[in-house]
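Across the two complexes that follow, subunit A remains constant while its partner is subunit B and subsequently subunit C.
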Partner chain A sequence: MTLFLQQLVSGISIGSVYALLAVGYALVYSVFSFTNWAFDAFMVVGAFGAFYAITDFKLPIPLALLFAILFTMLVSVFVERMAYRPLRIREAPRLFMMISAMGANMSIINIINLQFGGHFRNFPQITGETLSVGGIKIGMMDVFAAVFSFITLILLWIFLYRTKMGLGIRASALDLLTSGIMGINNDMVAIIIFGISGILSGVAGVFYGIKYAVFPYLGLVTIKAMIASIIGGLGSLPGAVVGSLLLGILETLVSGYISSEWRDLFTFSLLIIVLLFMPNGLFGKSTKEKL
Partner chain B sequence: MKKLLSILLVALLLIGTLSGCSSKKELKIGFNTQLTGPDSYIGQAAKIALEERVEEINKAGGIGGYTLKLITYDSRSEITDAVAAAKRLLEQDKVHAMIGPEWTGAAVPIAQIANDSKIPVIATTASNVSVTVDDDGNVYPYMFRTCFIDPYQGYALADYAYVDMGLRKVASLTDISAAYSVGIQKYFKDHFEELGGEVVAEEGYQANDQEFRAQLSKIDQTDAEAILVPTPTYRDIALIAKQGAALNMGVIYLGVDGWVAEELLEMAGPELEGSILTSGVSSDQPQFAEFNKVFEEKHGIKPNVYAYYALDALEMIVYGANESLKAHNEITAQGIRDAIENMKDVQLFTSKMTMEPDTHNPHNKPALIIEIKDSNWHQLKMFEPES
Partner chain C sequence: MDYLITVGILGGINIIAAMGLAILTGYTGLFSLGHAAFMAVGGYSSALLFMKLNVPFILAVILGGFIAGIVSLFIGIPTFRSQLTGDYFAIATYGFAEAIRLILNKWAYVGGAEGMPGIPKLSNVWVVLGFTVVLAYLANNFTHSQHGRNCVSIKQDEVAAQMMGVNVFKTKLMSLFISAVYCGIAGGLMGFYFSYLIPALFGSGRSSDMLASIVFGGMESLIGPIITSFLLFAIPQLLYVLDKYRLIVYGLLFVVMMIFRPQGLLGYRQMSVEDFKRTISSFKNRFKKQGSAADKGEQ
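Coming up: the complex of A and B.
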């Protein structure tokens, strides 16, 4: 039983980081109907930003995290401006935007790799404490990361459902063209959406860096978040969160009880099964009602 | 305008072609390494070290009128890219010899390409047996290596764990996607059980995994006294040790030469306190102190064993080239190969080397047993294979 609970707790802590990324995917997809493959790079920018803000600029940790998150937001908006908007304005097919995203992703990661080197960097330790409840052990930093992730997601929900701007974004998600005709500035929507998704990936990158290590390829995990957001229903925010937690828990349970060698097989099989029976994912009610 | 552009282009092309026709004699050395990708730390220091050494040799007049030319391609830590880089170096650039790759997965397919093109390839840290011999034990004539082989590493580690440390129950956490890792786990297990020990849990993970708590929690439920982690990269063990510490596991780890990188000590020195590993070389050996210091001051990064082994490979080629000159009055790929196959007690960067002609493994390459203590490497013992 202890082992089960231990795996469950680990799974939730992994899932909470997936959730940030999956929501970012969902957000961009819901409005612009394309998958932002540059997320991987944004995560890396967040992690490196926080690391160098602390070690080189000597900023205090909370300020460094804030700096990294805002910096990632700017990079995200910049990529939207440079790599997506020109395509969007010229009405290029969605697929081209995805390719453009992949290009942006590889460029950013390679620049970071060549500029800073591919080695691991240890994030300055914030807390090494371990919380132990009834034999179940979890790092304090994991608890903090999970709590912070969920607070970020709740703030996002409030923004989308309780503010005028959020209403505008939801309108765009419903129909980008019509909302544009009705007076919503789509370029502004794009900036906000990419700003938010930049913040989400920045937070995920910072936590990933703290939890594991800072290196140019830490963003490989975004593929898992992508799967989570598809399982949840691509474009659905609650779906992305549920999908992420499910995936995190499934992965640890398979690793813990069956074998880690089977983990990816189970993960991808789950994806196929979900899509076979529910082509819109768990929460993808219909393509019209996304946010 | 268009006309002008095309004339310019043609002129540029001509210049390019003509410059290739110069009569300058060159000894071309290929370097197939990982400069980007998750394991880019492996190639970055090695590339600088090789370039520096090549420049040094050229400044001193080259080798018998030949100027050394290093051609480096990035394998991005991908087998397909490593194979493509090897093909380009061996078939298009027609180098005299190639250094790299650094890992077994890429070295095995490249052995065949080396054979076909009849150009010697010196794998650096690819330690699986199958890199230099086929399944029937026949040596690949053009494939060599600078490091020791896995059976010996697994054997030495199991021996030390059982006899010197008195361990009886060990768990293993193996990268199942790496032949290197799977091989060492097997050799360790075989000898450890032969001695009377028990491997109580065998867990696995896959390359580039970052999350190990599920496997560690499972191992925590057993009575393992130590965890064998035969990982090909220090990244894995750094994360494993940190996550093990977060789970308050309080075990020590047994490791291999894949661990060896200064970054590991910075990443997880305290978490790995008391852990034991085997390695062919160790950067704390006094003979490297001066080199390390100068290198780090000049380039801002620390040299690592991959750089040492790459330099060993370069010295092997330089030796082969000199021998080829003596025997044939010119440097040929075949001449270099023949000389390397028969080298005896040749001083390289790390140590003297004798090549075993029937296996193309360095003869009697000792395995160092190293302890991580106070976030530093400490050599405990040297294992000399029985010859």
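Coming up: the complex of A and C.
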């Protein structure tokens, strides 16, 4: 029982990082109906930004986090401006968007790899304290990451559902063309959406870097978040959160009870099973093209 | 000379794999992120056929290709039946490829992560060249056949194609099967050239290299990917100093190409002798026009 609870706790902790990323994917998908394949790079930018802000610029930790998050936001908006907007305006096929995004992703990650080197860096220890509740050990950092992630998500929810700008974004998610005709500036929506998803990926990158290590390929974990957002249903924000927590918990249970070697195989098989039997995920809209 | 032979063999293998992906991505418009896995399946199964069952070399390579094709049906039938397209299909193939790679990593019979050594080195430049020419001929025939045109119609508008009577499910599956056979054959030849196989050879890096040759070479073209897959392989070999910048440049080129020339370098053109003649004559005409314009200017 203790083992189960312990796994459950670490599952929620990793699931909350997935949730940030999955919500980022879902946000972009809900408005523009394409997957942001450059997300992986934004996460790496966030992790490296925080790492070098602390070690090189000697910034205090809260400032360093803020710096990393804002920097990721700028990179995200920049990529939107350079790689997506020309295609979006031309109404290019989604295939082209995908290729363009993967190109941006490949460049950013390899620039970081070339500039800083591919080795693993340990994030400066922030706190090593552990809480002990009824025999279960919980790292303070895990708690902080989970709480911070959920606060970020709640703030996002308030922004989307309680402000006028959020209303505009939801209108765009319903129908981009009509909302454009009604006077919503779609380019502005794109900047806001990509800014928010940049913030989310920056936070996720920092926490992932703290939990494991900082290296140029840490962004590969975004594929898990993508799977989580498919499980929840692409384009659905609550689906993304539920799917992420579910995937995080299932993954840690598999690695705890079976073997950590089979964890990734389990995740990819789960993806294929979900795509087979419920391609719209738990909360998603139908993906079939309508005439 | 040895060096040129190496470039020729590996270039030929890359060309075969790129032709396979061209049929799926370029013609049918299905974006796969996992074709390296079909190379792995082809490579491992042809090596096993040769070493354990004593199947002759050429036949083993071809059978390996067909085994890769059959494996592709396992992902193809479910995904096409539930009508996954675009991003969903790409993620499904990525997941499938990772799953295959992880299984090969764990499977002790084929050596696990340490790989399978001791495959005889039988792929020489003539074998590879022969395979490349025959497969290019077949691919060219396929793309000009009714089936090839069905593929293009699905890419352009799936619903319209269906209404015109194209069996979308069957055509997509055929296109996936053929592309997997091509990649499987390429993987088989690669195994018999390197004389060992490890799962790490077939990571996502190889899939993105293959994709690059399609993107640069052009959608809906065979000769484009053939040329670019050879160039993309040969140029970094010659300028290996610049190899570390390779992926950065690829990435930037992806973005630039999609924005300014999404049809690829050669566009929708097929290369033929008449095409050459036409290009030359159009150049001639242009010079003549320029000449006459200059004459008028002087007057």
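Rule of thumb we're sticking to: the second predicted complex is superposed on the first by the 284 of 291 C-alpha atoms of A that agree within 3 Å, B and C clash if a C-alpha of one lies under 4 Å from a C-alpha of the other, contacts with A are read in each partner's own complex, and residues count from 1 in each chain.
The rule is short, and it goes like this: a residue touches a chain if its C-beta (ideal position, glycine included) is under 8 Å from a C-beta of that chain, and two chains touch if they have at least 3 such contacts.
Owing to the predicted nature of the structure, the values given are computational and were not obtained by experimental measurement.
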{"item": "Touching partner for A:Y212 - first (subunit B), second (subunit C), both, neither", "value": "first"}
{"item": "Which of subunit B and subunit C A:D264 touches, first, second, both or neither", "value": "both"}
{"item": "First, second, both or neither for A:G103, with subunit B first and subunit C second", "value": "second"}
{"item": "Touching partner for A:S10 - first (subunit B), second (subunit C), both, neither", "value": "first"}
{"item": "Touching partner for A:S172 - first (subunit B), second (subunit C), both, neither", "value": "neither"}
{"item": "Partner chain(s) touched by A:D142 [first = subunit B, second = subunit C, both, neither]", "value": "first"}
{"item": "Contacts of A:S30 with subunit B and subunit C, given as first, second, both or neither", "value": "neither"}
{"item": "Subunit B versus subunit C as contact partner of A:L276, first or second or both or neither", "value": "second"}
{"item": "Partner chain in contact with A:I223 - subunit B first, subunit C second, else both or neither", "value": "second"}
{"item": "Common ground on subunit A, meaning residues reached by subunit C in one complex and by subunit B in the other", "value": "110, 114, 261, 264"}
{"item": "Residue ranges of subunit A touching subunit B (in the complex, touch as defined)", "value": "3, 6-7, 10, 14, 110, 113-114, 117-120, 122, 128, 130, 132, 137-139, 141-142, 208, 212-213, 215-218, 220-221, 251-256, 259-261, 263-264"}
{"item": "Sites on subunit A touched by subunit C in the complex", "value": "34-35, 82-83, 86-87, 92-100, 102-108, 110-111, 114, 223, 226-227, 230, 234, 261, 264-265, 267-269, 271-272, 275-276, 279, 287-289, 291"}
{"item": "Complex interface listing, subunit B residues touching subunit A", "value": "35-41, 44, 176, 203-206, 208-211, 213-215, 217-218, 221, 234-235, 238-239, 242, 245-248, 261, 263, 266-268, 301"}
{"item": "Of all residues in subunit C, those that touch subunit A in their complex", "value": "29, 31, 75, 78-79, 82-88, 90-92, 94-96, 98-99, 102-103, 106, 158-159, 208, 211, 215, 244-245, 247-248, 250-255, 257-259, 262"}
